[in-house]
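Dropping the structure in here first, questions after.
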Amino acid sequence: MKICQVEKTLVSTNRIKDLGHRPLLVVREKVGGPRQVAVDAVGCVAGDWVICVGSSAAREAAGSKDYPSDLTIVGIIDHWSEG
Amino acid sequence: MKICQVEKTLVSTNRIKDLGHRPLLVVREKVGGPRQVAVDAVGCVAGDWVICVGSSAAREAAGSKDYPSDLTIVGIIDHWSEG
Amino acid sequence: MKICQVEKTLVSTNRIKDLGHRPLLVVREKVGGPRQVAVDAVGCVAGDWVICVGSSAAREAAGSKDYPSDLTIVGIIDHWSEG
Amino acid sequence: MKICQVEKTLVSTNRIKDLGHRPLLVVREKVGGPRQVAVDAVGCVAGDWVICVGSSAAREAAGSKDYPSDLTIVGIIDHWSEG
Amino acid sequence: MKICQVEKTLVSTNRIKDLGHRPLLVVREKVGGPRQVAVDAVGCVAGDWVICVGSSAAREAAGSKDYPSDLTIVGIIDHWSEG
């Protein structure tokens, strides 16, 4: 799983129905690194360091075997300092 | 999921039957970055910033469990500025 | 999906039975880039620019859910210029 | 599979129920490289060099087809020197 | 699929039961590149250039749908020169 920091919520009005109303968050593996989008399954706020699961595991972690996610936040890290 | 910008439509006359007539779009994660091909499931135009899902989730997002995609556009981002 | 150029056929006499007699082609995403091996599902020749699908989608694209491929050529691009 | 060194245990109190109480470890492919999180299926200690499996195989390796892991430690290497 | 060279056998006494007694080999995509571990399904020796399949295809290629591999050697290349 990847260790990422939550940056902000992503707004996408025009999206496929299967995404539902799950929050989509912009995350980065490190400050200044490329941004990715993750589905939030735990309830994060900006600044949180989180554990993101990918591959087919991202789907059930987001709620069901059919959910169209390839990156889902599955835990908030208690204490993390980048480095 | 990746954040990509749509560049143009890709024309491939000689393709496997399973791809059907779904539009194939050339996308890039950033200006000047490598190009990839994504199946359009939402209806994009060139210049749109979009959310692309990969892994096995790309298949159902493109319409069915058997669709041969590993990258499918699942949403258009309302406002995005690269950086 | 990746955009690759076909370089040549790969000869592998000693291979697992499940690969069958499908042609295996050496492809590159760009001139001088690293080589990969893709299963040809469309009928390519050296020099063609093609669309390669990965992940679990590569399997059915190669002919069946059980085929051991993680990269399969699913279409030939009509016109492509690298850059 | 990747060859990684175990750095430490990761504490994540707020996590999805499906992760259960399996230990989550911080691992790195090389000294100074980026950190990833792996589920421990063998019983490692900090400093061990281990074999990590990814993709869908990480799930059953962690205990069940439904476990939300994309990286699971499946073996401890008897002798390893980085280089 | 990746093109890799076999470096040596990897010894891991403490491993999960599901790995069984299949040989685990250390492979590299190029001289000096990072090492990975692959399950040998064809019978290789050090120095061989081989075809490695990843993703979910690695599992059945290693013997069964449930085998915990994400990289399996599926063929030996007849003639290969790196470059």
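Note that the chains take the letters A, B, C, D and E in the order they are written out, and that residue 1 is the start of every chain.
Here, a residue touches a chain if its C-beta (ideal position, glycine included) is under 8 Å from a C-beta of that chain, and two chains touch if they have at least 3 such contacts.
Since the model is a prediction, treat every value here as computed from it, not as a measurement.
Novice: Roughly how far is subunit D from subunit E, going centre to centre by Cα mean, in whole Å?
Specialist: 20
Novice: Using mean CA coordinates as chain centres, what's the gap between subunit B and subunit D in Å?
Specialist: 32
Novice: Among the residues of subunit A, which ones contact at least 2 other chains?
Specialist: Residue numbers touching two or more other chains: 54-56, 58.
Novice: Taking touching chains as linked, do they make an open path (line), a single closed cycle (ring), a hub with spokes (star), an all-linked set (complete), or other?
Specialist: ring
Novice: Touch as defined at the top gives a ring of chains. Read it off for me starting with subunit C, then subunit E, then onward.
Specialist: From subunit C, continuing first to subunit E, the chains appear as C, E, D, A, B.
Novice: For a test of understanding, state which residues of subunit B touch subunit A in their complex under the given definition.
Specialist: Touch list, subunit B to subunit A: 1-3, 29-30, 41-43, 51, 53-58, 60-61, 72, 74-79.
Novice: Per the contact definition, I'd like the list of subunit A residues that touch subunit B in the complex.
Specialist: Residue list for subunit A touching subunit B: 10-16, 18-19, 24, 26, 34-38, 54-56, 58-59, 66-71.
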